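For reference, the structures are reproduced in the following blocks.
Each of the next two complexes has subunit A plus one more chain, namely subunit B in the first and subunit C in the second.
Moving on, here comes the complex of A and B:
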C-alpha cells in the first residue's frame, strides 16, 4: 500500500543540542488510523507541524502524498484536514463566513456533510467565532477540516479540554465518519480511552524517538508489565538487559518492566534469570502501559 | 499591595523605557519653535499605547481571581496609567527646559497639555465599563470609536494647545479626571465581573444551519475572514500616522519604516491560522503587504507633494517636484520592505537556527541604529542651500536625487526594479517562514 505520510529520520531542536525529535522514522499508509502518543514536550506537535509544512526539520525528510509539504504546500494542504488544540479561528468572523471561505478554498466541499455537522452540533451560522465556547469553536474547526473530505486528517490533541461527552461526539464525527471512507488519520492525544476507542495503530514518542510502534490489538495482547522486588536486581539496567524488555523504572519498592511477551512466559523467564520470589506479571490497560513506558522513577528514598 | 499589582501592568513596565525614548528623541530633534514637532514623540507614543496596550481592560483574569478588592486593582491600574502618561511628559519637559531656548516653556506647556488630554481619553476608556474585566462585543465598538476620537483629539490638541493657557487646560483636566474617577468609583463592585456576551434584551434567535446570503456571495466577501484578520485598526493606525508627516521633517521616514515593520509583524502573527490552509504564501504576503504599502505610498505622495511644492521650496518646478516625490516614495517603500525582511529573520529557517538569534539581534540593532541615525540632525551641512538644519534622512534623500537620473521614465524604471526586487526577496522569505514555536496562531 502507498504511504500517505512518511517521516524519514526527522531531527528537530528548538535549543542548540537539545533535540525534541532525534531521528523519528515511520510511515502511515492510506486508510490507517494512527494515534501519536507521548508525554508533554515529547515532540508530537512538532512532528505534526513538520507534516503540515509549518516547520522545517533540521535533518531528515518528510513526504506527504509523495511530495514535500513545504515545496508544494498548496497542493498538499488541499488534501489535508487539520485541527489543533491551540488553533485559533478568526474571532470577528461568523461561522457562515468561515464556512464560505473554506468552501471557496476547497473545491471538493461537501455541503451535505456540512449541513449534517452543523445540525448535529446545533451550530448557528450567524454566530461570531468569538462568541463560541471552547468546545463549540473546536466543533467549527472540525467542520472546516472534514467537510472537504480530506484524504488525510491530522488532529493535534483535538479533544483536549473538552468534557467527556463533547470529546466522544467530536471523535465520533471526525474519526468514525471519515475512516469509514478510507481517510487516513493521524491524531495525537493524551487520552488513552480515546486512543483505545478509535483503535488502529499506536506510535509512542519518547526521548525524541519512536519508542513503540504497534497495532493496538497486538499491543494489548503481546505486552505485559512485570513487577519485580527491588532486591532482585541491582539496577534498572539489569532489568532493561533482559530479552524482551521495552522499558523499566523503579516504583517505590519494585522494579516495573514492560516486556514484549505473554505474562506467563515473562514471569517464567524472570524467575529463571533473577531467581526471586514475588515476581508478578500482568496485562495492563493502555494507560498503564503508557505510564510504565514513559513515567519517571518513583523512589521512596530518593 | 497596590505597588505589587502595578508591577503586573504593562503600562507600568513601559513607563520608564518610554520616558527614556521620548527624552532621547526630544534631545535629538530639537525644534522648540515648532510646537507640533516638539510633541510628536508623545503623540506617537500615545497612539501606539491606545492601539496596543488594551487600556480599556482594568484587570486580568489572574488578578480577578485574587482575594483583592476590585477598587484596589482599579487603583493600581490608574496609577500605572498615570505613570505611563506623565513620566514621558516629565522627561520631555525636563529636556526642553534644561536645554533652554526662547520657546522652551511654550513647548513644555504644550507637552503638559497633550499629557492631560491623553490622560482624560485613556481614563474614559478605562471607566467605560467599570467593574467588568473583559470587554463585550457591544463595547468593542465604543472602544474603537474612542481610539478614533483619541487620535483626532490629540492631533487637534497639538494645533490648538499653543494658543490656550496651561492653567485652563489643567483646570479642565483635573475636573474631567475627577469626574471620571468618581463615576468609576461609584459603579465599582466588590469584585470584577466578566462582561456578558449575551444579548441584554434576553432575545434569543433560533440557530440556523443556513449560511447567510452575504457569506455565500462569491468574490471579495468570501475573503471576509482573511480581510478581518488584517485588522482594520492597524490600517487606522497607519492612516493616523502618515498625515503627521505633514507636520514634521524627513526624519519621519525612518520612524515610519519602523512602524510599517511593526504593523506588518502584528498582521503577520494574526495570519498564522491561514498557514494551515491551501493558500499560497506569496499570495498571502501580497494580501498582507500591498494594502499597507498602498497606504504608505499614498501618504508619502501627498506629503511629498505638499512638502516640495507648497511648503518648503515653492521655486521647484512641477517635474522636479514630481521627481522628488517619486524618490521619497522609492525610499519609503524600499526601506519598509527591507525592514520587513529584517524583522522576519527570526522565523526564517534558511538562516539556520543556531544563527537565527544572532542575526535577528543584529537586524534589530541595525534597524534601531538606522532610525536613530535617520532622525539625527548633524551640525555639519554639505550643501548650504538645501541641507541646512536637515536630518540625516533628508540628506540621504537629496544625495540620492543627485545620483539618480533626471528622466521620469528612467527613474520609474529604477523604482520598479529596486522596489520590485526587494518585494520579491521579502515575499520569498515569507514563503519560507515557520510558525512560532509556541503557538500556531496568534490571538485574534
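Moving on, here comes the complex of A and C:
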C-alpha cells in the first residue's frame, strides 16, 4: 500500500533546545484511520501543522501523497480536508457564502454531499456564522473540510467542546465518509471512547517521540496493567527493567506497570521474579492504558 | 438484529460484536440462512469503523458461523459448527463456580441464582444485550 502521509524524523522546537517533537517517524497508508494521542503539549497540533505545510520542521521531512506539502502547497491542499482545533470561520459571512468560497477553491466539490450534510446537521445556508453555536460551527467546518471529497482528512481535536450528541453526529458523518470514499483519516483526540469507535490504529506521542504505535485491537489484547504491592519492588526503575514493561508509576501503595503481554503470562512472570503475593494483572480499556503510559509527569522523570 | 457496543468495555469492539452475534446464534435469534446487515451498514448503525465490523465478520466466518456470498451479502451458515461439550466443559464449570461464589457473597441463595439464570435467558432470547447498562452509562 502507498503511504499517504509520511513523517521522517521530525524535529521541531518553539524555544531553543526545548524540542516539542524530537524525532517523530511514522507513515499512514491509504484507508487507515489513525488516532493521534498524547497529553496537552505533546506536539499533536505541531505535527498536524507540519503535515498541512503550515509549519516547517527544524529537521526531518514530511511527505503528503509523496510530495512536500510546502513545495506543492495548492496541489496537496486540494486533496486534504482539514479541521483545526481552533478553526476560525468568518463571523460576518453566512454559511452559504462560506460554502461558495470553498466550492470555488476546490474543483472536486460535491454538491450532493454538501446538501446531505446541511440537511443532516439541520443547517440553514442563510445563517450568519457568528450566530452559530460552537457545535454548529464545528459542523460547518467539517462540511467545508469534506465536501471536496478529500483523500486524506486531518482532524485536530474535532470533538473538543462538543456535547455528546454533537460528538456522535460528528463521528457518524466521519464513518459515512470512510464507508463511501475509503478516506484516510488522521485525528487527534482526548476522547478515548471516540478513538476506540473509529480508530484502527493509535499513535501515542510522549516526550517528543512516538511512544506507542499499534493496531488498536492488538493493543487492547496484548497489553495489560500489573498492580504490584509497593513493598515488592525498590523503585520504579526496578519495575521498568522487567522485560516487557513499557511504563510504570506509583499509585498510592501499588506499582502500576504496563506490560506488553497477556495478563496471565505477565502475572506468572512477576510472581517468579518478585515472589510477591497480591500481584494482579488485568486487561484495560484504552483510556486506562493511556493514563498508565503517560500518567503523572513526576512519575515519568525517575 | 440489535447490537450494542461500549468502547469503555474491557473487550475490544470487534470482540463485543462477535460475542453478541454468537449469543444470538446460541438462542436461535439468528438462524441458519439469516442475512446479516452489510458491514458498512452495521458500522454506520453502531458508529464504529467499518473495518472493525469487517474484522468481527471475518473472524466469525473463520469459526464457521457466517459465510459471505459474493455480491449477495453475509449470511448465517446453513450448517453451524457443532461445539463439542467436552471442549467447553471446563470453561463452563469455571463460569458456574464464579457465578455461584459471586451470588453467595452477595447474599443470594441457590434459588436466587436460578432466577438470575432465567432472567438472563429471557434477555438473550429477546435480544436485550447484557452490556446495555454499561453502554447507557457511556452515552451520558
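For the reader, a short list of remarks on this structure follows.
We adopt the following convention: the second predicted complex is superposed on the first by the 291 of 302 C-alpha atoms of A that agree within 3 Å, B and C clash if a C-alpha of one lies under 4 Å from a C-alpha of the other, contacts with A are read in each partner's own complex, and residues count from 1 in each chain.
As a working rule, a contact is a pair of C-beta atoms (placed from the backbone, for glycine too) under 8 Å apart; a residue touches a chain by one contact, two chains touch by 3 or more.
All figures in this text were calculated on a predicted structure; none of them were measured in a lab.
With both complexes superposed, B is the one of subunit B and subunit C in contact with more subunit A residues. Using the contact criterion defined above for the overlaid structures, shared-chain residue A:193 touches subunit C, although it does not reach subunit B. Of the two partner chains placed around the shared chain by superposition, subunit B is the only one that A:118 touches, whereas subunit C remains out of contact. By the document's definition of touching, of the two partners only subunit B reaches A:16; subunit C does not. Legend: residue contacts after superposition of the two complexes on their common chain; A:240 is shown touching neither subunit B nor subunit C.
When the shared chain is aligned, subunit B comes close enough to touch A:130, but subunit C does not.
By the touch criterion defined above, A:56 reaches subunit B but does not reach subunit C. Considering their complex, residues 13-14, 16, 49, 52, 54-56, 58, 70, 73-78, 82, 84, 86-94, 96-106, 115, 118-119, 122-128, 130-131 of subunit A touch subunit B. Interface residues of subunit B, counted against subunit A in their complex, comprise 137, 197, 205-212, 215-216, 218, 221-226, 228-229, 273, 275-281, 349, 353-354, 432, 434-435, 437, 439-444. Within the complex, the subunit C residues that touch subunit A are 5, 7-15, 40, 43-44, 47-52, 55, 138-140.
Touching subunit C in their complex are the following residues of subunit A: 33, 164, 168, 171-172, 175-176, 178-179, 192-194, 196-200, 216-217, 220-221, 282-287.
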